[in-house]
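After this come two complexes, each holding chain A, first together with chain B and then together with chain C.
Let's turn to the complex of A and B:
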């Protein structure tokens, strides 16, 4: 039946070569649209430039009275811009899949690779590697620039207790936020619906839980996805009791729940 | 060979495809014809493993699509030509598909050359015309040099030159022994391209026969006659038991009498004939007769004839 097959080289039938082909395809797709590098550059600018501005801006309060200096977190102070940058990374995760659903390209993807779970797994892997590498690099940059801007007031060194975890955790946090966006994108298949869901989860709910009085909401607030922000804080004060890794664990739990649902749906649903 | 057995797809209680059986054979162009909403695209998506049948099966070359490891080498498809990320170049779009099936970059350049997009290969697809999208979609279908090809409305948006190009391409693909299934609502295009027709209406298979047979089935019982004295010719024909209508322009349309009998009658009665012609139904006529009952969305106002 395959009259002209000889002119096109075939690959083997091993799972390994199949996975590598899918990874190559997903990488080409990731890097060949402007929005991916643009979102990463935008996030990097916000985090790095933000760290410098926050450092300069908080130099006085950091150098103020010794009392307030004790409650001053030089790491979180310069990393606060991550709360804004996370929206760009989340949007990048969302559009990586909803872009395919919106154009209909997802059908072309499944025609080339009918193993849908594999497509999603590799897509998430390519995204994780690219975003994690960029975000970790930007978080190191932001840390050093921010601390330099803070000095000579109270500032942190990379070797101080908990600092390496915080700098590393910031990159992990952003990557997990991006993955959450990607899996929610698979669930709702629409860019706007996914962005609204994420905005609700990451921005609206935390504020709402703080505004609503009562112990229950305060305790529950710790288990919202933004608990992951504990990862880049030295001082876990206030109503929060979770440490950096537990905070990231809560966020990873949300990502895992979204992922399980996304895999179950993408395999069963008509494309 | 594409083979469907009792293929059914139900969407929220309504059967879009209702237990159809068909075979698409290699070596010929098979046309897939039907009104909008008849189930053509749903059927094609089920063939390609994108939609799961509610019941029944469909196979390509004896196997289902979903279990295939390198499907583009066996099956190529153009579904929705616009299904391209507008920010990605034509080359990168095809390269990502090729990479997913272990197809060399050289082949990407080849198919771009074949469809005439080599000069705009590095441009973002967002600026393409519908005709260029169609060519890009066809390039994608040809990437793996597959033995089975499916095209959903491939001539949409193509200019006359492009239409002739795709017609020639499909015929040559079939002539090489490949299985070619083309859906279209353009009946005139089907008449020129397809050798075999599958006609679907309201999810059911209405006709599955060679193009020539379908047209012949609705022809042959009508003859056009032009003669010197139309009135007496008409009277004589009616006497012989034929049904005669006078058409504008001085032509008699005769039903119920073969052209040979009409000629003999004219000779016997001394009529001068200018023209005696069997009327061949166009595909349009045959098609409307078949699908008249099965159009789902009919305009309330009758179309002026």
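Let's turn to the complex of A and C:
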């Protein structure tokens, strides 16, 4: 029996069933790494509890004079914790890829599915669906909790103009940040190098651009990846001219550039 | 040789346990080899120097050319030291990351198991790492800080803007304080790395603790809770080394930073002794 099984030529798997099998294995890898649920839980705690803390902490400034009331953005105020939570989502995206390189599992993955571009596409798809669902859920919770904490003072309802976009945009923003981390992880293949370059891009560069005054830096600063943060702001203050969707578009552009490079390199390099 | 064998006595084929000071030297030497062969050891201080000296000089140059056009109020607020060290935050962050990578790289590659098998005295291993990372980052930080100071103040003096020299009031203390703060950040990173054992978590915690958390805390309207916690975040304690902050004396700032380092050191030592590698 065994000998016969060995000689029978295997039929090539159909594209459809291969993609389904790849998706299943990528999902197993994603959920069984201990750090991925932990990173999502940490991000959710920061966003939701942070929204409540920021709401309570800013109740006074929300209730202050009508002048500052006009410049007060009840949505961004409670969503600021996203700037901290994004580090965890970014790290989740990075380790989804670099963890496999570190443990050597990536060789097994590519041996099982030599169509590397398909592996990466499915990996990105699984990641997007899981992270987007979690992040959108946490951004809705954060919104309602934060507004309840603000509530005696000026606060926003979900039906107010621009609010639904902002709440939806916050989830999209975090998902895009995670994807950026994932593709940078493919590019550098090392956890620490990927994290340092990603955090540099997200957190350090905007600060550096503020500290170096000048016309060029001012104009360029608007087109750094953190332009995506415009997505969850109602008031677009300062020198920023981008709206929520344009801001997300800039971030999506970075993700797309990283993705193109990642797809080009992953089929070429060793694992 | 034979006497040593005889002394180790009834034991099967064991060596005599080495004298404590020889073991300590051997551990220190081993840790030094691991430290200097780490690639991040080269890259991270280089990035720190680029941020603290290169970027800072760009900013200083801008301020220096703007000096003749400032009015009296702006001239009174012109602080040559603060302008010079706007980017020191990034250097501190990088030292924290470097400290974290020193130990998490070992966990990542599995070398930590060899290390602990060779030296089962885990407290000694941690102490050796701290002895190298602390003074090592202090020395690197001194090079970066003094490089930034001399180039930055040189640019200011070239533009006939107010500038400082080392002999000016308290300047040397400020510079030493900042270098000490960088070393403290390196140790914070090291101990955090021992606690979490994963490069991803450690690097993320460093960015969160040292950069994002204080930035976010600034955005909350001061209230009873934040007034008594926010000044004690490591970044804000360290800021005290650069400029005076209301209600925080230099002594308290140094003690606070030392407390952060010591508490994390104790937690790291406790966790390293008890857990698997």
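In the analysis below, the second predicted complex is superposed on the first by the 260 of 271 C-alpha atoms of A that agree within 3 Å, B and C clash if a C-alpha of one lies under 4 Å from a C-alpha of the other, contacts with A are read in each partner's own complex, and residues count from 1 in each chain.
Just so we're on the same page, a residue touches a chain if its C-beta (ideal position, glycine included) is under 8 Å from a C-beta of that chain, and two chains touch if they have at least 3 such contacts.
Just so it is clear, the structure is predicted and the values come from calculations on it, not from any experiment.
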Which of chain B and chain C A:108 touches, first, second, both or neither: first
First, second, both or neither for A:22, with chain B first and chain C second: first
Partner chain(s) touched by A:241 [first = chain B, second = chain C, both, neither]: neither
First, second, both or neither for A:271, with chain B first and chain C second: first
Chain B versus chain C as contact partner of A:219, first or second or both or neither: neither
Which of chain B and chain C A:196 touches, first, second, both or neither: second
First (chain B), second (chain C), both or neither touched by A:94: second
Chain B versus chain C as contact partner of A:35, first or second or both or neither: both
Residues of chain A that lie at the interface with chain B and also at the interface with chain C: 35, 99
Chain A to chain B touching residues, read off their complex: 1-5, 7-11, 13, 17-18, 21-22, 24-26, 28-29, 32-35, 99-100, 103-105, 107-114, 268, 270-271
For the chain C and chain A complex, residues of the former touching the latter: 40, 47, 51, 55, 58-59, 62, 86-87, 89-90, 93, 97, 101, 104-105, 108, 198-201, 203-204, 207-208, 211-213, 215-216, 219-221, 223, 225-226
Residues on chain B engaged by chain A in the complex (per definition of touch): 1, 26, 45, 48-52, 61, 65-75, 77, 79-80, 82-89, 92, 95-97, 99-104, 107, 140, 144-148, 176-179
Interface residues, chain A side, partner chain C - complex: 35, 50, 53-54, 57-58, 60-61, 80-81, 83-84, 87-88, 91, 94-95, 98-99, 102, 191-192, 195-196, 199, 203-204, 207-208, 211-214
